[in-house]
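Chain IDs A, B, C and D follow the sequence of writing; residue 1 opens each chain.
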Amino acid sequence: MLKKIAVMTSGGDAPGMNATVRAVVRYAVSKGVEVYGIMRGYIGLIENDFVQLKFSDVGGIMERGGTILRTARCEEFKVDRGRKEAYKVLKDRQIDGLVVIGGDGSLTGATLIANESDVKVVGIPASIDNDIHGTDMCIGVDTCLNTVVENIQKLKDTASSHERAFIVETMGRNCGYIALVSGITTGAEAIVIPEVKVDFQALADKLLAGKKRGKINSIVVVAEGAASAYTVARHLENRTGYETRVSILGHIQRGGSPSAFDRLLACRLGSGAAEALLSGQNNVMMGLQSDGIVPVDLNKALQTKKEIDLELYKLANILS
Amino acid sequence: MLKKIAVMTSGGDAPGMNATVRAVVRYAVSKGVEVYGIMRGYIGLIENDFVQLKFSDVGGIMERGGTILRTARCEEFKVDRGRKEAYKVLKDRQIDGLVVIGGDGSLTGATLIANESDVKVVGIPASIDNDIHGTDMCIGVDTCLNTVVENIQKLKDTASSHERAFIVETMGRNCGYIALVSGITTGAEAIVIPEVKVDFQALADKLLAGKKRGKINSIVVVAEGAASAYTVARHLENRTGYETRVSILGHIQRGGSPSAFDRLLACRLGSGAAEALLSGQNNVMMGLQSDGIVPVDLNKALQTKKEIDLELYKLANILS
Amino acid sequence: MLKKIAVMTSGGDAPGMNATVRAVVRYAVSKGVEVYGIMRGYIGLIENDFVQLKFSDVGGIMERGGTILRTARCEEFKVDRGRKEAYKVLKDRQIDGLVVIGGDGSLTGATLIANESDVKVVGIPASIDNDIHGTDMCIGVDTCLNTVVENIQKLKDTASSHERAFIVETMGRNCGYIALVSGITTGAEAIVIPEVKVDFQALADKLLAGKKRGKINSIVVVAEGAASAYTVARHLENRTGYETRVSILGHIQRGGSPSAFDRLLACRLGSGAAEALLSGQNNVMMGLQSDGIVPVDLNKALQTKKEIDLELYKLANILS
Amino acid sequence: MLKKIAVMTSGGDAPGMNATVRAVVRYAVSKGVEVYGIMRGYIGLIENDFVQLKFSDVGGIMERGGTILRTARCEEFKVDRGRKEAYKVLKDRQIDGLVVIGGDGSLTGATLIANESDVKVVGIPASIDNDIHGTDMCIGVDTCLNTVVENIQKLKDTASSHERAFIVETMGRNCGYIALVSGITTGAEAIVIPEVKVDFQALADKLLAGKKRGKINSIVVVAEGAASAYTVARHLENRTGYETRVSILGHIQRGGSPSAFDRLLACRLGSGAAEALLSGQNNVMMGLQSDGIVPVDLNKALQTKKEIDLELYKLANILS
């Protein structure tokens, strides 16, 4: 039975990270385990920047965006020397188990610790990109989608008033999930994602057909990993003669109080991760599958590409 | 192959009904089918109150709460005579298929039509109570949860300022889902739901323990089907001596622009229902199961009680 | 020149109180003055429950609803004995000046201190009711109005879907401001406020005329001080035969992160109060008048009834 | 007495334009006047694109962002020939009065019509920049501020998590009002506006001082008319060594359902404009001054620069 565990958030922040930390801490503490928060992800681990987290230390954080443990990207941990320092810190502090909350880069670090040290490690997928295999949803995605949808609705107001096309760029470096779902759910005329080769002529034709049908606004949602919104705008202006405007939603997509969905997911994955650690699991990631919380082999999760549902892409075309 | 179908919304309204109507209409129209909207549910069916819905007639409705087809509860359809009039209307209009969007009462009507007439019927579960078997989530639940969570957060502000306990009553006549999930995701001290017998003394002890630990606000979430918030308040005041306040959230839980989740679910269930009808399905309900949209036997869905996940109830107690 | 001042929030909480505390503290600290927060209003004053507030102690509170100083209603301060204890505390602590943030009851206490002790006192009007003479707006009113308007919009969704009339009860014991403004800005059919005698027959006629004109929803906004929403509902059902529903918005009207308007008002009134104290003012309240922040004689402010603009009431009737 | 009036929205759209149109139409119709909406501002005027607006035609639009009359910028109206065509249209249609809703460019057009034709003209200031003399607030400003504040709060979440500085660019070509007020109300470390020469070294020093004091996020708000956010970011990175990120809020600032404040202002200015026209006023703009709605000489309003309150700029520095 583990006695001391640690928890960190790492990589890009996502709404719901605080709710996850709260669940890890409170579940573990309720089982008699001591819990430490590691500040700023792997950097704080190497630099031995730990703080004990008791039950009441995580009160009132569930509703807050960002992460009280802060987060960072860390180059040092990618080299042996940095990791050795980290393992020494964990050993000196007699940490038996570690929960890593973050995206694929952060979880790659987690599996290295599981493989190279005696510390047991459980990962929790938190990434607004929803690009991690082994879980239906990552923490932060739902809140991000609501932010994107709400803002595209605002753009539609002004698009309709001016009879313009708006090209909206969302986050998503390798994965078009945010663009795809926000495009469907705002009735966007077209969606440009890394998973589907873009055909600018077809896209232009669609906009022209919409206008002919009487539409007074057009929205094109572009994942940042597929193309620059400015490039898409230029192509469309050239082919249609429309007046277009570009909106890069940027970092507002990462912030905000988490939605009910993300809070619930955070409570379930966070407590599930603590429970998994305490029951001896190692080198796994907790995932949401079919409404159940399950441990997924961490190596497998990292080596498999999460496929986007292309039926949704077709559906977007039918419905808009 | 069907040529003319109709769609209605019925029973209590839920956010996302309009997005569902839009998806049914646009999917079917794109396959060459004529679609009619029936006004005010079964009443409009009996009274022959139909309106043709073309592709552009459902533009701009996805983001709107409520239902443009309006809705009502209907006693006449529960008796043979009313239903016979309804079947005559459907026959006279040569309607081959019908999509019914609503809760269990509305879907019970749907299965009667499937059993008693030649019209093929597909149901779509829309109910903020999330009380329908055969689907992980009903349309409207996610938006409702966000509304409840947002408002409980507001109550926590004032509860903390005055060091009071708030007893919040949510919707949920037979099913504690809204109360349970909103309670977990707002860190409520206690949750009172129809599925679990309430122990007022244990509840009072929990509030007292929280206060001892330094908590300056207490939230108790009560499903309307379990108890009146006023009753709970009286019990707790008597046992703890706390100053309590009651908040009945009421009908604001039904309104509002649907969340991204509800819009996506509506797009998928709506187009899935149209597709199911066109491919010859009958007497089924489209459900979300494990991230897939599947047809579920409608009789079975109606005869099976949807069980709440009691693990969530335990989790709520551990985390708060 | 004052050296030590204290600040308290008292009475019903209002969004923006924290932003006000922050402004008082930071302005005074920047001028070299020591600032103490008094917990729970006049109770904390009598019980000597003070906490020093430095510049960074009020970081991150501007956006939070409620008040970190907490608040309460206090009977003890209404009797001489209680006030004597309070003055002793202030004297022992060598407090030269006091800022009281609250509604008319709290400001009445403030003027007593100014009259009965050597401590200089400046009040700041914070009350969602907007019932204080001498200021165009009180802190919290704008946020409250946005909450009410947003929720009435949700009720309109469901009202339209069911073709019902909703009777919405807002806060406002002696003053119909919230009901009046939220009624105008949501297009309510009728508004019932303490300042205008209600004519149920005229109101019923208006609803009937609206229905005749094709309106499918009706909203009646009632200030709690004018009538119970249930009473209004009964009168209207009897006279019109409509199906009505009641929604009591309750305490959600007090919570939530303050709007931009309330934050700006809080920054201006809070810094203005600190500046007024430091420049020797006493027994005044800071008010917003014509876009300027001015000191108002506190006794006069309390003795004059704030009149509601009845032109707005007429306008509501013309526009709906 | 006028018999037929027209109303248009022109220039950049602002939230509350629809509420204003509704108020103009309903007030005038209630006085027996016929009202026409002109589509797309001055273009629709020249092209004779009018639509009659009856009382019920403007139902349900108050809560919608954008403008149902659409809007555009128009070069043709700047030359005599274009204006002559416009005057002919107005004469042929026997329009006696015109309400123009828009910013300074649009109001400049309005005064030309008043000077060069027999049509009486009243303007209404609607511009998120709040850059029009003669009114305390323009329609759309309050909603825009809430959008900006809400989004800066989201950026603060991620700024704190990553310990970064965010440079946020708001709208405001000639006027720093949005940047100034959103900066104060989000506790921004620094505000860069056209009205005040920027001192990058002082700004860098302030950020460094904040960090020294323990601040883990820094927000700098920049009005687009003062500097590019990228330029500011580069200057600050060079001088402080901080990691910065840029967020261009862009067109989302124009959209969204109007706030309670903007709706009320729209109701008052819209009905006030109609009333002014009917009572024979001409070549004026309705303004909000000290809580009253007053006619302002339109030429004077256009020729006077609206000064920003530099006390607010100083206050921002004291409080952050």
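In this section, contacts are C-beta pairs under 8 Å (C-beta built on N, C-alpha and C of every residue); 3 or more make two chains touch, one makes a residue touch a chain.
Worth saying up front: this structure is predicted, and the values here are computed from it rather than measured.
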| item | value |
| --- | --- |
| Subunit D and subunit C - chains in contact with each | none |
| Rotational angle, Cα trace of subunit B fitted to subunit D, multiple of 5° | 180 |
| Chain whose average C-alpha position is farthest from subunit B's own | D |
| Whole-Å gap separating subunit A and subunit C, where each centre is the average of the chain's CA atoms | 40 |
| Computed distance of Cα centres, subunit D from subunit A, in Å | 36 |
| Between subunit A and subunit B, centroid-to-centroid distance (C-alpha), Å | 28 |
| Shared interface positions of subunit B, touching two or more other chains | 153 |
| All touching chain pairs, where touch follows the definition stated at the start | A-B, A-D, B-C, C-D |
| Contact set on subunit D toward subunit C in their complex | 19, 22-23, 26-27, 30, 55-56, 59-60, 62-63, 136, 142, 145-146, 148-149, 153, 181-182, 184-187, 213-215, 257, 259-261, 263-264, 267-268, 271, 289-291, 312, 315, 318-319 |
| Contacting residues of subunit B [partner subunit C, same complex] | 9, 13, 15, 17, 40, 64-67, 70-72, 147, 151, 153-158, 160-163, 166, 216, 245-252, 254-256 |
